[in-house]
Amino acid sequence: MRSDKHNNAPFPLKLAATGGLLFLHLPLLLIFAYAFTTEDKSFQWPPPGFTTRWLAVTWARPDVWQALTLSLQVASIATAFALVLGTLCAAALSRARFFGQEAITLLVILPIALPGIVTGIALRSAFGMMQIPFSFWTIVLGHATFCIVVVYNNAVARFRRMSPSLVEASYDLGANGFQTFRHVILPNIGTALLAGGMLAFALSFDEVIVTTFTAGQQQTLPIWMLEELIRPHERPVTNVVAMAVVLVTLIPILGAYYLTRDGAETAGSGK
Amino acid sequence: MTAAVTFRSVSRHFGAVKAVDSVDLAIAEGEFFAMLGPSGSGKTTCLRLIAGFEQPDGGEISILGQSANGIPPWKRNVNTVFQDYALFPHMTILDNVAYGLMVRGVDKTTRHKAAEEALDLVKLGGYGARRTGQLSGGQRQRVALARALVNKPSVLLLDEPLGALDLKLREAMQEELKGLQKRLGITFVLVTHDQGEALSMADRVAVFNEGRIVQSGAPEDIYNRPRTRFVADFVGSSNILSPSLSESLSGGRRWTSLRPEAFTLEPGDSRLSLTGTIEASSFMGAVRRIALKVGDNTIHANLPAGATLPAEGTPLTLHFAPDALNPLEDAA
Amino acid sequence: MTASLAPQSSAQDSLASRFSAALWRSPRLLLLLLLAPPLLWLGVVYVGSLIALLAQSFFSFDDFTAQVTYELTLSTYAELFSPANFDIIKRTVTMAALVTIASAILAFPIAYYAARYAKGRWKAFFYLGVMLPLWSSYLVKIYAWKMILSKEGIVSWTADKLHLSWLLDAWLSLPVVGGNSLSVSATGTFLVFVYIWLPYMILPIQASLERVPANLIEASYDLGGGPSKTFRHVLLPLAMPGVAAGSIFTFSLTLGDYIIPGIIGTSRLFIGQAVYTQQGTAGNIPLAAAFSVVPVVIMAFYLWGAKKQGAFDAL
């Protein structure tokens, strides 16, 4: 009897858990249905007809491609910055004990702990005060700031799982600091960095709140979507873009999951 | 002959804790040296100071006559077998063993050949292609040994190398390590908290307590002539006789140690004796251990297992040679 | 034997080797070099901006000239307590509280099932099942709800098919929570908030439940505690740090969001929207800054309370 209690969840619990998961996923599935609807003025359900016409229309839209390209560029560069800064922070904070350590940890977490709008308006007014014109780089700067923590979380967990004697063993066997980094540290934290980098990329690719404050005339893909949400021009195109975004963000999430699944589940916790 | 390692009043502090407190030490070349002590006594910190993982706050460390202060670990001709072995999980066994040669720029064929030979030396020939996860604890230990030896170090440091192994394997490895050291002639420095291990393997033992070396010498000296109550108690087991009890046995009015195996049931020429009541008696295999109540003191004695003894609670007289009494330096 | 400490030293005494030796000799220098770039970025660029923002909130804004007066004053903070602005704060905090409670209730069974019953493959399925919606595009998720809640959308259609349209209409005709359609009602805003932040509640609860040893529950059964008693006296207290940790996210994210209520909801403003309009169209940076200090202050108190609940151990 005891083992029954163990393995079989009571029916109401099963129902509630399944219901919860459906609640989380059905809206995303709906995106796929609407991408192929023939209705172009409203969100009529059920869709009156099926068409793939809008895929081609979207494909031919230069503004979508421009926004996508900008988003990919911003995400790549912001991720590169975040990888360097997050890894440095993790390396410093994973072992050493020193005064002010807690303050630095807080500093790393702050950009995602504070509401995005605070980060956004703070950066915007700082740019304004220093008379820095909005550009590609102001967007990158904002994104890298909150991407650091994602890389940091993944890297610090891996650093802590790594036995400190590995580095000592490498020194002991004649490798200097740089050789040790290349031959021992990097291979051991590599997958964690890759996972962190992928998540940072996904985070940057999707970011809209900070971007509205730090972008000038440029439109990242989320900014483009936001425009369409507020002032719809061509609804079916937005539907197709939404579907594409869901599919594209799926890749880094699954990738990061498979890279970190054995061991610490740090990949995405605390977006 | 230059000493392999010398410490001149070396100290290492962690905050207010004096992990190593003004230690002087000289390890001869080709010697098997053991650092013995309870955890936190400073022996591991001393080992890490030799390896270069720690830097002294004071004093000077020399390796083969040259000052090692300021020399990073990768420039010391010293190698370490780590307590947790510290094998690189992302490399094969062969690459692990060849690592020291690789970072020195030795070409692949040469270093792999040297690594194969080192694996042969530790009886793991043919294991090179495996991963660390596929080996048992004892095998990993051997890989760690091969990985250190392949660099032909002047000094090999062993940090509790047998701690994680089971008893049988540990005994076998003790003999093997000792044989290896004799064959290679390399200076071995062993850190251990197991007094049996230190006594059986080392040429010389230094006993550590609270960051200092409290006694060093040949294993026989340490065992037979402990200088303090701490050493007498930590190395083997000893009866510590109070100054008054010692005086009554004509040993002089001072703290005195007396090993349990010094006692016999038979009186002999010029032997001293102790009379008390048997408190407890237990069969230990090779010996029978009894607890004898002598006044306020309890004296332990190891007697032959076959000895016929009176029942518990009855009086008994034990005899021992006068030179078994070992006067200690502790203040009376 | 020649007493050589480093047989390879002359050959390899490269710059890299000498540099790493210097770092070895001085671990503090290494730490400094590691921390300097991130600290310059976060400490100077980011915290500098935050401080600049905070400073702005102590200036005032002249409505007639539409210029900022650079004199230290608390008048901008006083403005926050004007009835209209204070309403915004009350509305936002109420919404954040409701969203947090609803998320906790919805999250618990999922987290509990995933922590206690899901094994192996199912565990991975549940984990991804929470992670995918968490990481899916924020705007796409909002867009999906715009589709769902629209007048001709799937909710109205379902209500119609179930002959429950009267219920939906009755709800929408209520004051405060109602509206023309779900997508322009406070109910809609609430639903979307719950949907978007729910995964942030599930993960910490699951983490804290996974730390409850199974034999603790068996011990409770063994001592005569039925399932409901076990839940109330054993599981719930042990899951509280997780709930507290999750609520940090749901509460904070709701407080600061300005996009969700802008797209799905009524014309009544939330704090985020107030910040956005004040700094944007009105150009009243001091008031925008003061408004953005509100969620920061609320969260500081909230975190202080959550820390006492042990929430940080469950993060």
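Per-chain residue numbering starts at 1, and chain names A, B and C are given in the order in which the chains are listed.
Everything that follows uses one rule, which is that a residue touches a chain if its C-beta (ideal position, glycine included) is under 8 Å from a C-beta of that chain, and two chains touch if they have at least 3 such contacts.
All of these numbers come straight from a predicted model, not from anything done at the bench.
Simply put, of A-B and B-C, more C-beta pairs touch at A-B.
Ranked by separation of Cα centres from subunit A, the top chain is B.
In this assembly, the C-alpha centroid of subunit A lies 15 Å from the C-alpha centroid of subunit C.
Mean C-alpha positions place subunit A and subunit B at a centre distance of 54 Å. With centres defined as mean CA coordinates, subunit C is found 56 Å away from subunit B.
Within subunit B, residues 52, 72-75, 104 each touch two or more of the remaining chains. Annotation for subunit A: residues touching 2 or more other chains are 171, 174, 176. Multi-chain contact residues of subunit C, defined as those touching 2 or more other chains: 8, 17, 20-21, 24. Residues 1, 3-9, 11-12, 17, 20-21, 24-25 of subunit C touch subunit B in their complex. Contact residues on subunit B toward subunit A in their complex (touch as defined above): 51-53, 72-75, 78-80, 82-84, 86-90, 99-100, 102-104, 147-148, 151. Residues 8, 16-17, 19-21, 23-24, 27, 31, 34-35, 37-39, 41-43, 45-50, 52-53, 56, 106-107, 109-110, 112-114, 116-117, 124, 126-148, 150-154, 156-157, 195, 198-200, 202-203, 207, 214, 218, 221, 227, 252-253, 255-259, 262-263, 272, 275-276, 279, 285, 288-289, 292, 295-296, 299, 315 of subunit C are the ones touching subunit A in the complex. Those residues of subunit A whose C-beta lies close enough to touch subunit C in the complex are 2, 5-10, 13-14, 16-17, 20-21, 23-25, 27-28, 30-31, 34, 42-46, 81, 84-86, 88-89, 91-92, 96, 98, 104, 107-108, 110-111, 113-119, 121-126, 129, 141, 144-145, 148, 171, 174, 176-178, 199, 202, 206, 208-209, 212, 222, 225-226, 229-230, 238, 242, 245-246, 249-250, 253-254, 257, 261, 265, 267-271.
Taken in their complex, subunit B has these residues touching subunit C: 2, 52, 55, 63-66, 68, 70-77, 104-105, 154.
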